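Both complexes below contain chain A, partnered by chain B and then by chain C.
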Partner chain A sequence: MLPDEIKPAMLGIVPSTIVTCSLAGVPNVTEISQVWYVDEDHVALSHQFFNKTHRNVRENPFAAVIVRDGRTFQEWYLEIQYDHSEESGPLFDKMDIELEAIASMTGMSGVFKLRAADVYRVLSVRKSKSRG
Partner chain B sequence: MAAPPAEPSIRDQMVDNQKVIDSLNNKLARKSDEVRIIQQISSEISSTLDLDRILAISLDAMEAVLGFRHSMILLASADERTLKVAASRGYDGNTGAEIAVGQGVLGVAARRRQVLRMGNVASQRAYLAGVRARTEAAGAGTLAPVAEMPGLANAQSQLAIPLVVKNRLVGVLGVESERASGFDELDEMLLSIVGNQIATGIDNAQMHLNAIEHSRKLDAVNAELLHLNQALEAGVAARTAELSSALDQVSREKDLSESLLRRMAPSEVIPLMLEDKLVARRLDVTVMFTDIVDFTAYSAGMEPDEVFSQLNDFFSAAGDIIGRYRGYINKTNGDGIMALFGVPFESVTHCTDAVLAALAMQREIGSHFPWGMRVGINSGVVTAGMLGPPDKSLYDVLGEAVNIASRVEALCPPGAVAVAPQGGEVLKPWFRLDVLPEQDVKGVGRLASLNALGLKPIAEDGRRVDPTSQFAARYLPVVEEVDAAKRERFGMIDFVSLQARDLALQHNEAVAAYAVALLRMLRADDAVAARWQAVDEAELMAAALLHDAGKHAIEPARLNNRNLDVAGRDSLRRDLLEGTLRTLAKIGAESLETLITDLYRFEATRGAEGQFDAAVELLAVADIYDALTAPKIYKGSPWRIVGALAELMRLPYGQTGRRPVFAAFAELMKPAGAAIIARAKQDVLIR
Partner chain C sequence: MIPEKIVDFMHGGVLSWVGTRDARLRPALTWAFGVRVGSARDEITAFVPDVEIDQTRSNLSLNDLVALNVVQPITHEAYQFKGKLTGMRPSTEEEQAVQEILRAKVAALLIMFPPELVTGFIAAPSTAVTFTVEEAFVQTPGPGAGRPLDLSAGS
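And then the complex of A and B:
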């Protein structure tokens, strides 16, 4: 489902935006550092804190994200559904090591720690009309 | 969602295909370039063990070959906790910067030993910096300081290759770029391979360096050890030399003090003297004075050192002789000597010792010095002890006997040995004595001293040899043969001083003469000739002369002890034999060992132990006979000849029939006309 074209937008160069909604219907918009490309049908988000996004998708697995290509600022709209969490394995390791590399530079090694790689199934993908 | 693709035209398809083919060709070209590059880098790296060169080759290849403008190699510390920039390209003054393992992209790649390729470093950092700012604003605890990272301040892409060899973290290779996603999978793969080569090269170089360093350290340690060893050896040598010199000093001082002490007193009493326990005591001694005739006139024209040299030679020779007869030079006075015999302990032979020493000295002076010497000898009771002021006291004797000896000396004709008259009784059995003209002696009155001419020859000693015996009639030349043999074969042994120890004067000569004479007599007798032909006469004579040569090692007091019990006599005999065998070995007369050992066995077992060699029997009978008949003072009266011969046959080993040699000996020695019949152990008829 995800085209190769979208990959540059998933490199974590420009923050992404995620919209979740609690079971009670209260929406939450927040910026996240990266949406990871897993395969054509899946993306992953890092789970570091028990924040609102995390709580909402556990209640209501449906979310929407906007990812942006750092070079072109082309936006992509994705509808995703929480599928499962991985606490080990290649995906987890890749996310973990990169997170550690950055956290260790910013003096936040202990704080910024990957708890799990939350894997979402891509329900739809749409390129924005405008750039930026 | 994407629309379903429309059916492409053939032309489009061909174009697309061409694109795919071009792209594949490109990839292929790049691949083969990469293989070539890798091969080139690795061959260059593996061609050297120089670490700086390896770093340079590696980083130069990063830019020139791979096109990475910013690259660095950090080397891990030995504990793998820190990484230090060892070389870099594309920076200003980066070298030497240090990060912790686990810090940043390079640090994490190193810690996890995992290639790490990131294309969003700056963005992610900025994002996290924001999070950090919010976290800090929220006051959520203290955060670690932001790390200072080497390299580009705003690197967006970093590719970190851990350099690991055999699980050891060597370092990390990093390339970076300000562009986002600056490195792709192919870069990662390529650098991973090159990284392996670099790691191996660095590892080899470091091992080489370590080896060099190790060897340098070893050399240093060795040098230090060598130095220490040398220092130690030098120290030990110096200390040894010091100790040895101290020991020498002590030994010299000991020798010096002993020699000084020996000037004060006989060495036997020095221990007592040092403990201040030497008390004055009365002793029966013999005092000897000597004086060189007209030495003053003789030395008048001589240089003083010549005078001293000659006199010292004389004193040295005299001291040697006096010492051999257990005398002690008490003092010298000009060219005169005062010597004491029988000090510091009682001696039973002091008088004969003094006379024998005097005779020896006269012989020696006569043959070595161009002057005459007077000797005066007197025996008597004196008081002996330390005499003189405390700092100059000497072992000395006091008494009238001393004065008389001095007077006797003054009256002695040059070359003679004058003995005060009362010595006559003691000396008569052994010495030929003359009476000197009676003279006035100050404080004594008129005195007729004796002149000791020398030892009495055996043949002249009626107690040993009866003038009417066959021995006296036929075998006296044997005595001269014995003297000749003694001089020629055993000139190194001073028989007289040896015999003087227990007053067995001329004992060896007598035994030799009797044994040889007996052998010759037996050989002349046809009936038993066969047994005696086997005896070697020269060996027999030698054995007789040397049979108690071990005497010099035994204290005279023990030799002369008349109260020895059986065990004491056995042990004395054993020691005597042992000493004798040692002497035989020393003078190369081992061939006599068996004969002499058998003689001792014969005497110890009274001849009871089986058969003995003919020579042993000859020696035994001669030895026992002389022991019985030789003159004695302190051993009681000697046996008269006839009595001694009878006793010989009465003793178990002399029983008639068992040992015909004893009867034959009686025939040899008995006075003419005497019959000696020994019928049984207790029944000897003497007429």
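And then the complex of A and C:
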């Protein structure tokens, strides 16, 4: 489902934005440092803190994210569904290293400890219409 | 009442995203280009470009719950506001002028990027989405993200 063209928007050059929704129906929007490409049907988000996003997807697995290519500002809209978490293994190790790299470049080294790689199934993907 | 210094922040060079959800609790996200805080500091109007408003409009016709995240693109200082919709209408010419001022502010902030990347977004026509603020949170990335803002204080 995910085209190769989207991969530059998943390099963490610029942050992404995510919305989740609690079981009570309240939406929650926040920035996240990166959405990782796993395979053409899955992406991964970092679980660093026990925050509202984390709590929401455990009670309602649906989320939507906007990722953006830091070179062109092309945005992509994704609908995703939480699938599982990985607390070790190749995906976790890759995300842990890249997260620390992002943190070190923003003066926040050591702040972003990866607890798990949260893997989501991609339900839909499309380019933003905002650039014509 | 939103603190004055955060109102000033929101009227500066910031980027904004609007979150809603449908009847099945599936959330949707879109961008807003420009926000204005009402004079009583308890209401926000976000200007959502019509090219990306369809799902947001559909969701807000079913329920009135709005979340808005406002982010400074260089420092990533961010605040989230949650509340209930009070109205949707086409943005006025004056509000489109506000959007153009914002475009210039953001372009000045993102000076390291080619200007056409910043100026190339289709922001108009847009819809003014107004909601009353019931909760607000610090949303700057890091361990403090999600901390509630005190809206009872007067300044």
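Heads up, the rule we're going with is that the second predicted complex is superposed on the first by the 120 of 132 C-alpha atoms of A that agree within 3 Å, B and C clash if a C-alpha of one lies under 4 Å from a C-alpha of the other, contacts with A are read in each partner's own complex, and residues count from 1 in each chain.
Going forward, a residue touches a chain if its C-beta (ideal position, glycine included) is under 8 Å from a C-beta of that chain, and two chains touch if they have at least 3 such contacts.
The structure presented is a predicted model; accordingly, all values stated were derived computationally and were not measured.
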Larger contact residue set on chain A - chain B or chain C: C
Chain B versus chain C as contact partner of A:91, first or second or both or neither: neither
Partner chain in contact with A:73 - chain B first, chain C second, else both or neither: second
Partner chain(s) touched by A:3 [first = chain B, second = chain C, both, neither]: first
Partner chain in contact with A:25 - chain B first, chain C second, else both or neither: second
First (chain B), second (chain C), both or neither touched by A:13: first
First, second, both or neither for A:126, with chain B first and chain C second: first
Contacts of A:33 with chain B and chain C, given as first, second, both or neither: both
Partner chain(s) touched by A:100 [first = chain B, second = chain C, both, neither]: first
Chain B and chain C footprints on chain A, overlapping residues: 15, 33, 106, 108, 111-112
Residue ranges of chain A in contact with chain C within the complex: 15, 17-21, 23, 25-33, 49, 51-52, 60, 62-66, 72-73, 75, 77, 79, 106, 108, 111-112, 128-132
Residues of chain B that touch chain A when the two form their complex: 1-2, 102-105, 107-109, 112, 114, 116, 118-121, 123-125, 127-129, 131-132, 135, 140, 143-147, 149, 156, 180-181
In the complex, chain C residues that touch chain A: 17-21, 25-29, 31, 49, 51-52, 63, 65-69, 71, 76, 78, 80, 82, 113, 117-118, 120-123, 139, 141-143, 145-146
Footprint of chain B on chain A - complex, ascending: 1, 3, 8, 11-15, 33-34, 70-71, 93, 97-98, 100-112, 124-126
